[in-house]
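Common to both upcoming complexes is chain A, partnered first by chain B, then by chain C.
And then the complex of A and B:
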């Protein structure tokens, strides 16, 4: 499959998601959207201005195909509806929250990948040793402990007990920073615990992947040849073993992006971190349907984009995936 | 069948312990978990070993009854996932041809959808009852099982004794039930255990996010109520309110995961060597 065909498959997937997002609240029993406009329901929106905006956005009195067309057109122009709770456009809320999630997920992906590659190769190199066994057991544990539990433990230890790091938030409330550096330091301090939690949550699975991939590479003939040529240990380990183990690692990056987003939703809820997860959590609590739907779309789009990028990288790294011998 | 490894035994013992607590809940729990048996936010005492929550319900009793919720979800959603996976994967693998192609495209499509956001969307609009939670989890997790089952069925179908049975005029349902199903039995056990683990984690996670059944006090919901208390971490209240349910969920998930790892090694001896 070439790049074009892959892009098409991802676009198709996104269309399915868009349609699900449209149909689900309209077709399910209970009609949650109509309830917003029904004075006899408990979800009735009392603010007339918000109610008018909702009625216009969902257009429930129009035929379904027309609603669908207007919905798709709205998405294309960046209109995700209006928050009931905050009376602000959903798109504006997303713009305010998404960068925090990207910062958190990006930091954690970077650190967990680097650590997993180093430790995984080293562990495979000395397989059977006590260090290897210990790392494998620890990783199996890490990979299976729910992320909110790991987060709680870190929060309790470093935040509540030792009081080294802030308990919640993305930065100090109401702070005025004298310089950009001070602002960056404050944001960094608040990032440490959530990013550490997410890093640990992903480290287990990634480590096991790298280790197994490297162990498989170590049995290949070219490793024997390289050793027979008298290459130094370092070249063998990092230049040959790790380099070939990189392929399955990159191939799984896509799955890890989805995992990271899932983890981020729980972690942001736990640490009151102002990203998309926190937005979803607060909107769920307030039954703020437009925001839940908008956040769902944006998070799905981010995951799909990450998957697509991982696919492209993989295509460039591994010529065997390119059919027809086209050079990428 | 090879000998079961230490992981499986460890998981089994934990699981048996949890089941015993769930079954004997009325005997073990000192109070009705819904009764307001004390003052709000009591510290642990002889009367309330883990104190009381913000409305004066006994936390230990909540914890004991919570085992029932998690195990119900594990069993129901685990079975639901495996049944759906078995149905689709079995059909695709056994029938082959265009049906196989179509079903596997469906599986690929489902696997490429981001799971947690979808889970949140479904839970939001389906309402937050326990049956809905179980249905949504089963619906979102079956494709992984389907794929594994299909591969195995495909290989079993080609074996001599299965083809022989067909030659002797055995019907398709007979061959499937008599020959294919037993051959993929270990795979089903593995799928059941891992799906149950995912289901427990997801149910607790949804309850934690406020999408669980508000009337069923699960371990996830207990965590949510504890975390909702302003300034929970400023006192040591988290020690008996937040930590116990979190620990219980984690132990149950670990038990199921360890059983899964053990069974996987049983299925695939090459894997066992790789770990050692």
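And then the complex of A and C:
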């Protein structure tokens, strides 16, 4: 499949998600807003302004196709509805939270991937050695430690006991930065612990994946031939073994983009990090349905984009996936 | 001497302390510009040898000595091997489909060793790759392609270009023709042949493709279960194999010039983790003696050929020299004699199928009867397993005669109509007084099973006239088998049967011959039939053997006038 067709498939998937997002609340028994608009319900929204905005957004008195059309149009113009809890547009909340999550998950992905690739390849190269066995056992252990437990321990050690790093938040509250560098340093300091936790959470599985993929590649005939060619070890290890092991690794990254976001929910909550995870968590606790829906939509879009990117990368990495197969 | 391999042993660790000895004491050498083939079945250790020559086995697996221009390679460090690999010894690997890295362009993979070994810049290396590609008949577009975009033949050429890139002193071709269709195989062989002729490069061809080895090499070494069993000039070894294994291997090889059906070697190659004691081929060898089971035969030179066999190679089972038989017409004058057989000389080797072909009255039946000792010759002698049958007397003669069994033309001649099936088959055992009655009974049943007959008591009690022609012929065959002969002389064994039964009996005969390792002398007038199973054909005309040769040669290029006549007369449809 070429890039164009892939993009089309992803757009189609996104449309299905959009439609589900539209249909699900309407498939619930009764009216999705009945509880919110019913004064006798425990979920009653007291703010008349919000009630009006909700009713207008869902437009439940109109026929379904028209509701659907307005809904799609609204999303295209960035209208994701309005938060009940905060009485602010959901889009605004998302714009405020998404960059933090991207920063956190991106950093963790980068570090965990780099470490996993390095250690995984070296470990596979020395398969069966003590170092390899030790690393494999350690990663199995690491992959099975709950995220919140690891985070708590790190928080207790570096935040509470040693006081090296801040305990919570994405930046120092109410701080005014004299320069962009100072801002970056402050944000960086707040990032270290949550990013480290997420890195560790991802590292075990990634390491095992890289190690096993590389072990498989090392058993391939072309590796024997590459060795027979008298190539230097570095070329064999990185140029041939890892290069081929990258293919399953990138596919794994794509498949686990969603997991990375889920992991982020725990960590952001633990570290009071102002990202999407925290927004989702708080909205769930407050039953702030419009926000939950909007966040769900945005996270889906992010995961789909990540998948799409991974696909594009793999297309570049693996000539066999490219369409046409024309020689030359 | 450029490459000298001495007592090469490769052992792979298995669980526990035992190791799998894939190559066990192989020695050979290769002079500059010379070529050597190593042939053998799958699992004989061919690829293991190829990999040992490039130091690709894990450290400690390889013992013995591999010397390149006097320098010992066994035990070199990985770093030292790097300098040998590809620059001195290069390999065209066996698994063409998976030998190229799928993520790099073919040209880059050809250029890769040039960059690392010769220090060429990417552009220079690419130019050299183009040149190499041209030499092997690839175009620039092939170099720009990825491996999955090339056909098997193109990949094979790319691998060859890759192996030639650093102009190695020795090129190892591991199964160069496997997995190729016949046309690309032929083109590849032409190409390899041309490359070798350019000279200088030593060539080691490892293959089970005997024709490829015959085409590319001057000398050949036959590998069986990790050991060499025969080494000699390729043409001679393939023309006249001396080791029983080589002989069997050549007979198992499909060849355009043979009309004969393929025959396998009986049994299966040994488990390399658990090789048999003594000669490793003895369980499959038709001429194995006690010593073969106990002692490993060394590879020694016998008449310009290196052979590992206690018996010095293939044995002649039966030899007839100058046999003569003259019949006198009763009461007639001496002039009215019939010279049935005149000066017949023939050899039958262990496990060989020889056909004696001639028209009615050519003397072939008479010759057959003299060979089995039923008819005393007027002159000449018959030697069986080194002892003269024609001179033997009494008990010795009886024992020798039991080594040869005759299946006569008409099965009704062979058996008494009064006897039951069980008695017919048991009779030879009774006469020779072999075994207890129970043992004889068991042998009878076993023989009947071998020839595919029932062993029910009802069947055992039947008499000759109650059997069909095919059944009776099988009973006669079973009767011949109970004495476990070394040679069966079958005189027109199927001439009384209908065509489909003929085919069945002939196939059965062939099967039993292969399984039991018997030699078979098939006397027949039917060239079309015997050429399907005969290794060698003798043509008889008016009491003389007028032509002798491999089955395919006799059928495709008959030399004697009479052979042509027989061929003309052979049945043809349409």
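Keep in mind that, in the parts below, the second predicted complex is superposed on the first by the 321 of 328 C-alpha atoms of A that agree within 3 Å, B and C clash if a C-alpha of one lies under 4 Å from a C-alpha of the other, contacts with A are read in each partner's own complex, and residues count from 1 in each chain.
We take it that contacts are C-beta pairs under 8 Å (C-beta built on N, C-alpha and C of every residue); 3 or more make two chains touch, one makes a residue touch a chain.
Predicted model only: the values in this text are computed from it and were never measured.
Bringing the complexes onto one copy of chain A puts chain B beside chain C with no clash. Contacts of A:21 after superposition: chain B is touched, whereas chain C is not reached.
By the touch criterion defined above, A:227 lies against chain C but remains apart from chain B after alignment on the C-alpha atoms of chain A.
Of the two partner chains, neither chain B nor chain C is touched by A:56. Of the two partner chains, chain B is the only one touched by A:145; chain C is not. Contacts of A:184 after superposition: neither chain B nor chain C is touched.
Superposing both complexes on chain A places the Cα centres of chain B and chain C at an angle of 70° as seen from the Cα centre of chain A, in steps of 10. When the shared chain is aligned, chain B comes close enough to touch A:258, but chain C does not. Greater residue coverage of chain A by touch, when chain B is weighed against chain C, goes to B. Closest contact between chain B and chain C, by C-alpha atoms in the overlaid model: 12 Å.
By the touch criterion stated above, chain B contacts chain A in their complex at residues 109, 112-118, 120-122, 124-127, 197, 201, 204-205, 208-211, 223, 227, 233-234, 238, 242-243, 246-247, 249-250, 253-254, 257-258, 261, 274-276. Put simply, chain A touches chain C in their complex at residues 220-222, 224-233, 235, 240, 243-244, 247, 317-320, 325-328. Partner chain A is touched in their complex by these residues of chain C: 51, 54, 56, 78, 81-87, 90-91, 93, 95, 98-103, 112-113, 116-117, 140-142, 144-146, 148-150, 159, 162. The part of chain A that touches chain B in the complex is made up of residues 9-10, 13, 16-17, 20-21, 24-25, 28, 30, 32, 128, 136, 140-141, 144-146, 148-149, 152, 155-156, 159-160, 167, 212, 215, 258, 261-262, 265-266, 269-270, 280-281, 284-285, 287, 289, 292-293, 295-296, 299-300, 303-304, 307.
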